[in-house]
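Next come two complexes built around chain A: one with chain B, the other with chain C.
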Partner chain A sequence: MSALFVLIGISILVAGGFLLAFLWSVGNGQYDDDYTPSVRMLFDQEKNTAAKNETENIQVTTPTTK
Partner chain B sequence: MSAKIPPEQIPSCYHCGDPCEEPIVEEGKSFCCQGCRQVYALLQENGLCTYYDFDKNPGIKARGKFLHERFAYLDDETVIAKLAQFRSEQLIHIHFSLPQMHCASCIYLLENLHRINPGVIRSRADFQKKQVFISFNPQQVTLREVVELLAFIGYEPQISLKDVSAAKSPDINRRKLFHLGVAGFSFANIMMLSFPEYFSGGYITEHGLKEVFAWVIFGLSLPVLFYASASIFESAWKGLRQKDINIDVPIALAIVITFGRSYYEIFTGSGAGYLDSGTGIIFFMLVGRWFQGKTHDALSFDRDYQSYFPLGVTVIRNNREENIPATRLEVGERIIVRNGEMIPSDAILLEGNAMVDYSFVSGENIPVACNVGDLLYAGGRQVGGAIQLKVSKEVSQSYITQLWNNDVFTKDQEKLTSFIHPWSRYFTIALFTVAISAAIYWWLHEPAMIWPVVTSVLIVACPCSLLLSATFTFGNMLRHFGRQKMYLKNEKVVEALAAVDTIVFDKTGTITLSDRHQVIYAGQVLTETDKRMVRSLAGQSAHTLSRFLFQSLHANETDTIPVLSQYQELSGKGIRALVDEVPVRLGSADFIPAGDNTGTDAKGARVYVQIGNQPKGYFEIRQQYRPGMEAMAADLIKMGYQVTVLSGDHDAERSSLEKIFGKSANMQFEASPQDKLAYIKNLQADGRKVLMIGDGLNDAGALKQADAGIAVTDHAARFTPASDVIMDGGSVFKLSRFLKYARSGKTIISISFIVSILYNIVGLSFAVQGLLSPLVAAILMPASSISIIILVSLLGNYMARWKGLYKN
Partner chain C sequence: MQVEKFYYDNRIVKNFAYATILWGVVGMLAGLWVALQLVFPSLNITQYGTFGRLRPLHTNAVIFAFVGNGIFMGVYYSLQRLCKARMYSDTLSKIHFWGWQLIIVAAAITLPMGITTSKEYAELEWPIDIAITLIWVVFGWNMFGTILKRRERHLYVAIWFYIATFVTVAVLHIVNSFAIPVSFMKSYSWYAGVQDALVQWWYGHNAVAFFLTTPYLGLMYYFMPKAANRPVYSYRLSIIHFWALIFLYIWAGPHHLLYTSLPNWAQSLGVVFSFMLIFPSWGGMINGLLTLRGAWDRVRDDVILKFMVVAVTAYGMATFEGPMLSLKNVNAISHFTDWIVAHVHVGALGWNGMLTFGILYWLIPRIFNTPLYSKKLAANHFWLGTLGIVFYAVPMYWAGFTQSSMWKQFTESGQLKYSFLETVTYLKPFYAMRSLGGTLYLIGALIMVYNIYKTVKAGKLVADEAAEAPALEKEYHSHQGEHWHRWIERKPVQMLVASLIVILIGGVIEMVPTFLIKSNVPTISSVKPYTPLELQGRDIYVREGCYVCHSQMIRPFRSETERYGEYSKAGEFVYDHPFQWGSKRTGPDLAREGTGNLKKSDGWHFRHMREPSSMSEGSIMPAYPFLLEQDLDTNSTPAKIRAMQTLGVPYEKGFDKEANEALMAQAKQISNNLLNDSIRVAPNKEIIALIAYLQRLGKDIQQPQNN
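Moving on, here comes the complex of A and B:
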């Protein structure tokens, strides 16, 4: 049964790890705005390639519009 | 001017979606104006055309190049210092409020500003708060240039001294989440560690296990007591200091007793305590507060005129134009107000054609023509060319702004005490009665039981369920109201709405539509050809009255299109042109020389018509009432409300108002902003609870004074005076249903109180007998909390449907 003491200790440590992760994410401002990031993620790919192209001074080909 | 394309074929602007009457075609895309085309060109040049892919016609109609000096005040050192959140040689951080933000494309464009101007280091949009955070390098780009760029692409930031001084921090919301996280963690782990205790009935055979678990639980409970429950203790302490027993006082007491007794049991080894239920209750209460506190970030309920008035004013000093902060404007100075700018203080017109749009003040958006020597009021917006004015009053002493010198705005009155307040007091009294009776009983029979019985009575009968039912009911109701575009400041407003017995309406912009008008023709009958000619002439002008006239005269597809030539627009007078070689004039009475100018009982603005050399008659443009007003008014009267209409206009609309509100309704016309405020005060002096519904700055005093104030707006992110509620114009007809729903809140809470009292009776019956085991508490307390949360949510949703909130 003494295994129980070890397991309890581990379980609290794991849970504490998750708590710290949560507190960190709140402190980091990840809960400040819960809408814009959902839109922003749709831009990512285009933005990255564009930014890269810009640094290499290559003309960006814009996607043709509807 | 050449022939025009009929509306059926009018293409919509690729940038902003407006119909293009004279499309500018470039690369197969049509634009309504040069402004929109320029924005497109800028985006294309920088490879940002993805902007047009997320939404169709996402752009905001560009007003073209703004006037050079418009943002000059942003070069001022003191202004920069005030606006910037962080400032160094290389870096400036700044937040802007952009109410125009409306779609995914907006976010895309605003976050790619660095590609248009490399001086911008980073820009981040917050869609819900309608804010953008920008960091830029002041050595590469000035603040003024950043703002000019934003204004150019259609997102002119709202900059005012008010917003500057009070930038909202996200810290309050974060603190709530920190507390919630800690409480949830401790609650879940304590619950898990308490299981052996529940199932063994208190007799754990394994040596040492009980003690270790008890000490781990003790450790886990400390952060809850000393950190997570801080807000409850703060609120209770605040209440006590004001000699008031608010609902947090008995809760704080229950927490102290629960934790105190549990710690005593753990230290003496006599039991396991009630920390599982104690931390659980704190967790549930924090969830309730967080849920209720999810308010409408993008809306600001506490604005005063400073939020709307311009920061900078152009004055003429020593024959030079200078840009100074509006607050430093002095009486007697000469100022210039350009197209689209706001008049900062009451002033006399010196030169220029003034057409002033007072929609900001009164809700009426037909511009008023003024002559030289007329007094123009602060808050009006100039439409047309630049005008010169002589300041006759200071900004804070003007007709509208002096309203803010009234006591209402300086006192921050607590409007009402919550109706759960008396309940919690009765509850506390009843609780202590039970505890004392139990103590007396056990003192007579078995004195050793007094201490455990009294503490368990206080533990089990925590008024948490009272608090939970109130927070969840109101939080849920705020959500339902929000879905119907009625945004409440906080949960107290629900109770205020439920308590009103008198409703005062403003007329213009509140029960009338601000953007649509009724056009009525009087005079000689116009033939179809005449109408076509008038329509095509009116279509040429951007003047508000011409737009209304143009919209009201419908064209048929088969019509031939008249040919226009020699078009002329005389600012403040009217327009004329040759239509199919016939001279046509539209405009004010003195613009039609031979016109019949009689009939002074005008109910609205008039546009006189002359075709050939013969005056025909006039179009009268009247306000149009919002649809559904009759049904709403009838409903309100049936519900027993006393209804009053206050209007700043003359009483020409009396008969149509009587049709809506009935002959018995009170009406008062030509009411000044101060009159409106005084009217509300008088009603309140008679012991009435008043709901004021208005829209303009002229209602600001009345909205603030009333027990509940609703500001109506057709663009929720735009202008609203300080109020308790911001309501979308399209929802006004649902007012009677909103009030019914607000009233039902009391019913919901009463029902849930009864249920929670039943739980309390069960719990207390265990406690007074000294039989409250941790297991009973651990089942009873979360079960009661959760079942009450479910009950109030279901009732709230059901009531919303039953009271017709979702019916159109």
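Moving on, here comes the complex of A and C:
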């Protein structure tokens, strides 16, 4: 049943890769703010928001309800 | 801060959208056709149109062509906007698009020709496998290139789902596709028997996980908030359930092999992880549905949201059912039956299909800058699709449960109550009803084709959509600010993936041959390699996709050992490159077809293959008259023997040169047997080899006598 060990090895490598990615993402500050991103992605469509978005956190306090 | 102007590439999105629609219809049509074949076996027209060859065409078309293009459509649309950047390279986008379509065409040609590895959802032969790997790398290159030149620091959760999809599918595909080529379009799996089964279902399950689930969750996290115009219920939950999901999924594969010859501890491992998966899966489902909190009134009017709600609900149902089916006592009933067919179609039709439709209705009007042609038609599509799912799933659940119960039913005197054939003919009405469900679903999809055609006609493609965003600062000062951070940040994802792939390829190439071949040494001394004729017959069995309907795995239940003989042992499969355990019993198990009560004469097999219903009245098996006409290709015998020797099968040295003599001797013997049965057939016909293989099945171990 050595295929098992091969698969486990590979699975651990993959999981390890994801662990590194996870650590990177936390260390990188990706999850420092776990609210703004969910709102920000809604606004990339609007024609004139690019200028507004210069200040990144503009929508934090005012989630619009259109 | 400098605001930069740039353009989103909508043409590539349009191309993938068209491909999604085209292949979706083709895949569903193929599905409807094979469903009808189970009701009307006469629809098995010519050798290129038998169920065994067309069902893989259906599954591959739906998974890799329909859903595959759907993934790319959604990724190319959302990634550009989430990264505030055009795709990294238009050339790579084009290579990706056309390469993927060529692979699909290659699949559509080779599968009906019987060119297959017989590993489910990985049936394509080695040259196409290599092409898939290359195109997948192009996709990844393009995606990571875009991520690296993004103008938005934060990677939205959808992007993480895309990354996980890319990395894991690459690894799965490479590991499972390891094979030794025999000729340009024929190869033998590197693994044998139990090992092959394990690798295959490690792949097979994760194909569901990382091709049908994670990318679509990513799409859900982009398109559902967009369609509802409100943020996802909990961004924090999305992050937690993402990491939990990808860590758990990869261990769940063995739940496809419960009660088989796989070691018990591996089975249990699969069960435990499968069960845990319910939590992250439902995390995603809940997060999707609750995104609509306070907006449910809009679901009444907005057909796109309707599609998405049904999709996410179907996801929730399928991922509740999955862990349940992974429990051994449930699996004992459900495995090998139409229950599983129902389960996967709730996932495919409900989750993947309905979400794809929702995205198409949302996206096409946007990139063509025009309203949808008809909301009413879209609503009709929605209801036809939803009803189609119900009409499909309910008969299949019913059929699965019924058939399993009939298999396990004993009379008062302890005899099996139903012959296998009785359980098959009982299911025909259910199969007919299922076709009705499929028809409804297909009609819905055709209505969508018309609706989108009219929409596209009315609008004009905004091929390059203008956008602007401030450039990303080059240096990011994290609050910790150590310098390895900065170093890794310059090429974070690229480095990660490149090193992972290098390690994996290197590791696999080194380990697989040395490890696996040694452990293929038989543990049952009476198990012998196939004779050349049997080997050729086995390749015909593979070519015709017999594994699609016939298992070769007797589980240790009394209802199975009574019907099929002694339960299967791991040691019996050590020369099976690839394994042929199957996953569905539309026909009976064949693991011991050549032994005990199941043993039939050569003449029976001959007549049965010529016209199955002549020997088993009411059989829904296709007829194989062409096997009686076609000559066996004996030129390939030496190469096949040599390939097997490389894989560690103990044929004597130099046997490849004598193999064809041995083959002819055995063929003449069978031909003579048939002559005694007043059947005149030349020994060089394919049917002879197939009979040799069928008569060999299960013979290697001494079985206790059953009554």
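The rule is simple: the second predicted complex is superposed on the first by the 46 of 66 C-alpha atoms of A that agree within 3 Å, B and C clash if a C-alpha of one lies under 4 Å from a C-alpha of the other, contacts with A are read in each partner's own complex, and residues count from 1 in each chain.
Here, a residue touches a chain if its C-beta (ideal position, glycine included) is under 8 Å from a C-beta of that chain, and two chains touch if they have at least 3 such contacts.
Small disclaimer: the values here were computed from a predicted structure and weren't measured.
Shared-chain residue A:42: touches chain B and chain C both.
Of the two partners chain B and chain C, it is C that touches the larger number of chain A residues. In the superposition on chain A, A:10 makes contact with chain C only, not with chain B. In the superposition on chain A, A:27 makes contact with both chain B and chain C.
In the superposition on chain A, chain A positions 1, 4-5, 11, 15, 18, 22, 27, 29, 31-36, 39-40, 42, 50, 54, 63, 65-66 are in contact with chain B in one complex as well as with chain C in the other.
Chain A contributes residues 1-7, 9-11, 13-15, 17-18, 20-22, 24-25, 27-42, 44-45, 50-51, 53-54, 63, 65-66 to its touches with chain C in the complex. Against chain B, in their complex, chain A makes its touches with residues 1, 4-5, 8, 11-12, 15-16, 18-19, 22-23, 26-27, 29, 31-36, 39-40, 42-43, 46-47, 50, 54, 60, 62-63, 65-66.
By the touch rule above, chain B contacts chain A in their complex via residues 44, 47-50, 52-54, 104, 107-108, 111-112, 115, 124-129, 170, 173-174, 177-178, 181-182, 185, 188-189, 192-193, 206, 209, 212-213, 216, 220. The residues of chain C lying in touch with chain A in their complex are 1, 3, 81-82, 84, 152, 154-157, 160, 163-164, 167-168, 171, 175, 191, 194-196, 198-199, 202, 222, 225-226, 229-232, 235-236, 238-239, 243, 246-247, 250-251, 253, 263, 266, 467-470, 476, 478-480, 485, 488-489, 492-493, 496-497, 500, 503-504, 507-508, 511-512, 515-516, 518-519.
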